[in-house]
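Note that subunit A is present in both complexes that follow, paired respectively with subunit B and with subunit C.
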Partner chain A sequence: MTTVTANKIIGEPVDRIDGTLKVTGAATYPSDVTYPGMAYAVLVGSTIAVGRIRAIDTVDALAAPGVLTVLTHENIPSLPDAPASPFGPPPRFPLRDDRVLHQGQHVAVVVAESPEQARNAARFVRVDYEETVPVLAIDDPAAPIRSNPFGTDAEHGDVIAALASAEVGYEETFRTAPVTNNPLGLFATVACWDDERLVVHESTQWPMQARRTLAGVFSLAETAVRVLVPHLGGAFGAGLRTWPHTILTALAARLLDRPVKLVLTRPQMFTAVGHRPESVQRVRLGATREGRLVAIDHEGTAPVAAEEFTFDRMTTGTPDAYDCPNVAVRDRLVALNIPNPGFMRAPGHAEGSFALESAMDELAFRLGIDPVELRLRNFAGTHPRTGLPWSSNALRECYRLGAERFGWYVRDPVPRSMRDGEWLVGCGMAGVTYQWYVTPCQVRISIGRDGTARVACAGTDIGTGTYTITAQLAAEMLGLDVEQVHVELGDSDLPPAPQSGGSGLATSLAGAVEDGTRRLLDAFLDLVGTDDRSPLRGRTRREVTANAGRLHLVSDPDAGEPYAHMLARHDLDELTVIGEKIPDPQAPGLDMAPSGASAAQFVEVRVHEELGMLRVSRLLSVMDAGTVLNEKTARSQVSGALVMGIGMAMLEETVFDPATGRITNGTFADYLIPTHADIPDVDVVFVGEPDRVNPLGAKGLGEVGLVGLPAAVANAVHHATGKRIRSLPITIEKLF
Partner chain B sequence: MNTGRSTGIADVALRINGVAFRGAVDGGITLLDLLRDHLELVGTKKGCDQGACGTCTVLLDGRRVVSCLVLAAQCDGREVTTIEGLAPEGGLHPLQEAFIRHDAFQCGFCTSGQLMSAAALIEEGRAGSDAEIREYMSGNLCRCGAYPNIVAAIRDTARQVV
Partner chain C sequence: MSTVEYVRAQDVPGAIALVAADVAAAYLAGGTTQVDLLLKDGVGEATRLVDIGRLPLAGTEQVGDVLRVRALTTMADLAEDPVVIARLPLVREALLAGASPQLRNMATIGGNLLQRTRCRYFRDRRVTACNKRRPGSGCAAVHGPARMHAILGASENCIALHASDLCVPLVALDAVVHLQGTGGSRTVPLTAFYRVPSQRPDVENVLEHGELVTHVDVPLLPSGMRSAYLKVRDRASYEFALTSAAAALSVEDGTIRTPRLALGGVGTIPWRAREAEDVLRDAPATADTFRAAAEAAVRDPFTVPGTEFKVELAKRTIVRVLKDVSGVPS
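Let's turn to the complex of A and B:
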């Protein structure tokens, strides 16, 4: 009998299957799409923060060369409201009326034969505003406040009593700056109406939601809208909503009966597609002298745009972070005349963790307990509120391995005790827990006469490696090589998938592929169920295994046949199934708490003693993400999130002019994101076991790498300098 | 009525990836927009249109430039190399292979610019150390944060070349 070694593909550091497309410039992003006869749209933005449009004069713009139309609130047809998404109501439609609620609000759309003509003509749209006084500051008493806006405020135990009686108390306020997603890919929409069907090439992380939105607004059946995004130039959460510019582009295309392309400018990427809001957070801790937490009280305040909604909850990670009997969290939204915030990688978690993990560091320092040891003493071995065991949790291993690998205990823990010439050296760390999130997903899987498989799903690959892990999953489960699996993504005509966001797609998709491959194997066994010529006649899935393009008996690898033979004999071109994952964390009998990823972040910084310059010199992230589906792309995702964390920690701040609300640094020349020179080598290590709830034991890891990093930097800065910086970003003037 | 300054029309003749282009271009059009909107060479991407991100980097007579800050009219008589021309038809440049091997990109949007910049960097003799690579690649932003892998890919390729 031949020995069979099953293909081990899942988890392997397979090169991206779309790699060649991306390194040759052949991958098609929405802004690359052209149609014959296409016209070009340019947006005109408000130059005031709040008020009314008294008059809008488009005569000169319309007379400029090549101009086809200028859309304003005065001449567009009335459109129904976009439907709500699972995260709340749709963005306010800016051309609904004559009101302006933030700087940069779209007030007109100029469409011309060429992009140059559209840009030129946009300068001639003259808007006469009636300006009123904007509300711009988070602490402005005139700003309307919404308490408990998400219905998530909660208290377990008695926090007030526990704080009052705690041996050691702690209270501080933290601030994080507004920061902007700024994917390199300018968001683009190309809209083309074909009879009553609307095809949109769109910068979105969620083709199904974009389809729903456009169908709702244009009163179409959802199947009459097709949203395409095979590749997306980043988004980091900005693509989770379908923004008004998308609707305006589709509207222009409809009114002109021509395809229309709109590409946002870099400054518009600051005002039109959301951002991470600023936050003010108060953290109160109560602890014993031995460092056991007895109370955590976390209150987060963040802005929202006037008449808008956003779902960015600063306290989101706090209730599950530690084993503590008394925990209270409260959130508030303050309505301002700013462009609406939105989602940005690890929304709420990233901001909230800065406050909580800085506070833990301060507590450790006050108690004279090592920061790693303090976290180990408060490790939540079971789910803090239900007491259920975690579906997996290797956070303690993250701490232990991280401390060892980083050389944590070798450092002198006394602040300002380590130096390298003129540079003060400091080490900091933070603990990270992340929410569990898996949503329903479908895939279509087929195997054809040539023996190759096709996997298709509406979800997008935003650079995370979705194409590649999908191919790996299907290849291993169907006994094929990765090269034999063709993956189609980013098309709303394909089976519905959730958003590429919330660190949820990989696990959702993995579940759907797992289900689909099982069904496909069943379908082949059904096909030959009564086939006398098949060695697999009458066999069930448990009795067979897939390997090298064929199915064979587990007990006898020689008794089997290739997929292609089965199809050929039955005169079929292919067999196709739909696989589906419907997660149910409340499933009866599930006696455990589904766990998200967790991690320990370690950072070494250098601060120039005379000049206050801050550099990150070492980075280590030890992460429990359960089963890692592709070690190469997973590592890249975590490493990239750490880089974004460095931006949040020490570089990035979207600056709103306090008088006018205008963003004063809305370009890449002024808004600093990390560059090559800012980033040292990055060490990412995966630990842990397969998760017991999630498909294949995988836990989402797209966002978690960013969480905790800003606190680890701040904690390292304290160790280096003795200065405790409680506001982000940690820029030179705070250290000088 | 004033409908904008006339930027005029310029007759230009240049070579793009070894292919001759001759035509009349709007005096105000950038090399980037000429490539993308008129010549269907969309492998070169636009990330800011303000010369600040490096996404649109191409080679002009072998030197790296951000094509959003070069007017097409300035390119008369010159040689432009874009990502589509980095490797011989159907093949991959060693840098392209190294980028795949080291996973030196995620979304891929900045990748064309990173590659063109890296190719010039090696020619310039500025890939001598990681610190040097980091310094001289800092005009090319990557929001996915693939920097460590980009540096590794360039380091690897530079060693092969030398």
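Let's turn to the complex of A and C:
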């Protein structure tokens, strides 16, 4: 940082500045928004997996009390395709024609004066289907296969030769179950047209992309669309695309010329906003007897919905995970008649890590090498493909400190050697590396006559603490208290920001705030540059410090003045600047590889010897996230990811009926997310140094806490029981 | 419009008269899940709900060696009842293993007895083949992912599970249900209250239309009896049982006396394991006896892919709970 500041706020465990709003119910989520004259929409979903709609009878629905309209493919106007996002084409728009490609596909939208009337009338929409046989199984030979769908299949070295000549070989197949994001907040859209301007309150992690989508579909200038989401009840990746229900709600509002609200039901959250797809993965390893990897071959297969695309790459983390001269990765997508998968926290990475880190554990066991030691021997001290030094990398410290803190070396490493009464006890671990991701971001920063600052940005706080870290960043750099910084987020009319996703927003936003605060201090110094009455006249930023609401000389704290005085004297209400961060990992002269976060996960489990019940009894995550921006919200975010990892490891599975493709457990009574009783004390420790490339040295940590957890649990299960479970979730029938 | 009429009953005879007079009426009380069935899942049959929630039907009373539990007593209150704590530990354990704290605060004992199955084929109106909803239409669940379904009292006609935890110890204890109808009152042993699906999965119990469960008499355990409820599930809280077992017995000089055993998570009805009790009665309290009892309890299961593992898991659950209550070490 080039500005010297006197107070240390960044990194401190500051309470959420939006906490009071949330616990008092005053925070406005999209589903809370109402307008005078608002109508309510309800979606009707298909009850077949594939086929055609012969006819839709809406007569009775239209005759039901309060019904305003019923939209179907037969009566809606033709709309242009939504534009692609940086992550691929838009979701297929379902009301384009009479075809049905998955269970729950939207086939009609009923709009009525009240939500109850809409829901009631939706039951009277009668759809006559011509049903054909669905393709539902990932290994169904009738399923179309797309090889290398992402263009990312890659090989360095000669994997075939290295596997053939390796002293030790390994090959196994792993499976992970489909799981569903399930944010507590049901996704909602409230659409309101005002002439040719569209305002949408939307459950999204990416207001700018939602704006772009709606502008494209309704042939509007992007500035004619405003997307608002000041608060969001979680999303975990489900809000990274603008789904058809959003477009349908805006369309209904336009056709009725009234504001319209749509709130998805919990079962619809399983079919309308994506999920983590199942996967089948083959991992082959070649190693020396001393445990040096000579070859990694990782092949991943996952489903995609028919005529859809998803970017969920099982092998995404493998090439950079270890120092290995020969690495090949391949991904395939299999098209099935299922609701389209989407992004779910650490997409692909979480599934791929389960396979690779289970394989590493098996290799360690077969070689008689401690699992931590095997990973240390294969630690990638430089970027494996370029040989460049990392911008930061404390993974070895994660292993070392984690093993010590967990008591790793105290355990008896022999499987089935530890017990506590009827419970077999086991310890497992996994290593985690995560990709670097920082993307352009802008913020607007002002200081006003009252001496307080405003920071505004289109990015969203999805519950992770973005409001709070933004206030901390601005407060420290401007010499203010956190309470003196007002933060506005979640509005596409504000300066453009990337998605809250890919573990990228905090770092991108930090860069923009850092840039903006510098510019703002420059603007104040410019303001008084020739001001005889200012003790800061003619000074540059390097000569001043921001502290306690004023700027003063580094060399003489008495020589300075408050922001408010400078503004008042010059008869200004405020000074405002735009800050911007445009990261460039390939910048000339950047002789290092930008690094993502890394971690070591340690887990202790108990398995009931007779009854197969699995319980996680200890959990430690040691993480290198570079500079931690808020110790409390960071810890919360990692803890939440660990809980989600436990769900993926031992509880969660979206169960499809094999005959019909219907989801059979789309409620919270049937779909098992972890409860408090499933979660032991969670120990999260941060290590490492500020990153040398990223703004403020911070590295994104939104997803990394989940990665590695399923493998660590499976490895602990093996240690406890001697059983190697290569499919998730690890349920009782696999263990007893 | 498919309305559901809501009526709040003023007194017990009035409630019974309202429901009895209307074949499409049903009682509404905590734990009946009528709101889920009618409004969320769209599979309920009732068009009129008679809310009995404010009727004076809550609370317990000890009458000799019986605990009289009125139908509107909540699960949470019954779990904290001093008599239950002192004399019916297996009932308390089953109550606290069921649902979630929030649900236990709202769910009533009558609602628990009369809860509908959680079968996601029954509770999904898109599914046409469901003999419970449409007699003669078949059973889609037998072809589906079925780990939460029944293996005892099941057949190709229906594998829907009775998911109650509480009812498992209640059938083991020979609880008696008191019913009141327009024609008067009667009592039915809980073991005779439920009907296995057989040819009529739509008929789940012996209630006549309009009959109201007013209370349940639960015989207290004699002193010297040990009892336990063991529930096996993946999630540590708020999940229905994969298998469970309630057991009560005493051991005199190494010999088992007056055994009681019932199973949950495996039956289309709360499953009293009388064959197992016959094996246990006056037999030595040994692991071999327990295993023989478990084999007798789970004889002739009806399994489908996805429930096969429950046969052995149920047996192990039985052995485990019998070891617990008899003090036999593993």
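Here, the second predicted complex is superposed on the first by the 731 of 736 C-alpha atoms of A that agree within 3 Å, B and C clash if a C-alpha of one lies under 4 Å from a C-alpha of the other, contacts with A are read in each partner's own complex, and residues count from 1 in each chain.
Going forward, a residue touches a chain if its C-beta (ideal position, glycine included) is under 8 Å from a C-beta of that chain, and two chains touch if they have at least 3 such contacts.
Here the structure is a predicted model, which is why all the values come from computation and not from measurement.
Q: Taking the superposition as given, does A:493 touch the first partner, subunit B, the second, subunit C, both, or neither?
A: Once the two structures are laid over each other on A, A:493 reaches no partner at all.
Q: Kindly classify A:185 by the partners it touches after superposition: subunit B alone (first), subunit C alone (second), both, or neither?
A: First partner only.
Q: Comparing subunit C with subunit B, which touches more residues belonging to subunit A?
A: Between subunit B and subunit C, the winner on subunit A residue contacts is B.
Q: Per the contact definition in the header, classify A:115: touching subunit B only (first), subunit C only (second), both, or neither.
A: first
Q: Go through the superposed model and pick first if A:64 touches only subunit B, second if only subunit C, both, or neither.
A: both
Q: Just subunit B (first), just subunit C (second), both, or neither: which does A:736 touch?
A: second
Q: Using the touch definition from the top, say if A:31 reaches subunit B (first), subunit C (second), both or neither.
A: First partner only.
Q: First (subunit B), second (subunit C), both or neither: which does A:123 touch?
A: It touches subunit B and subunit C both.
Q: Pick one for A:614: touches subunit B only (first), subunit C only (second), both, or neither.
A: second
Q: Just to be sure I read the superposition right, which of the two partners does A:676 touch: subunit B = first, subunit C = second, or both, or neither?
A: Both subunit B and subunit C are touched by A:676.
Q: Based on the A-chain superposition described above, do subunit B and subunit C contact any of the same residues on subunit A, and if so which?
A: Touching subunit B in the first complex and subunit C in the second, residues 64-65, 120, 123, 265, 669, 674-677 of subunit A appear in both lists.
Q: Which part of subunit B faces subunit A closely enough to touch in the complex?
A: It comes out as residues 1-4, 26, 28-29, 33, 36-37, 40, 42-53, 55, 82-84, 86-87, 92, 96, 99-101, 103, 105-112, 115, 130, 133-135, 137-151.
Q: Mind pulling up the subunit C residues that touch subunit A in the complex?
A: Answer in residue numbers: 1-2, 40, 42, 100, 118, 120-121, 124, 126-127, 140, 143-145, 147-148, 232-239, 242, 309, 312-313, 316-317, 319-320, 330.
Q: Hey, which residues of subunit A end up touching subunit C in the complex?
A: Contacts found on subunit A: 47, 64-65, 120, 123, 265, 422, 610-615, 650-651, 655-660, 662, 664-665, 669-670, 672, 674-678, 729, 731-733, 736.
Q: Hey, which residues of subunit A end up touching subunit B in the complex?
A: Going through subunit A, the ones touching subunit B are 15-16, 18-29, 31-32, 34, 60, 63-65, 114-116, 120-121, 123-124, 182-186, 231-234, 236, 263, 265-266, 462-465, 632-633, 635-637, 639-644, 667-669, 673-677, 679-682.
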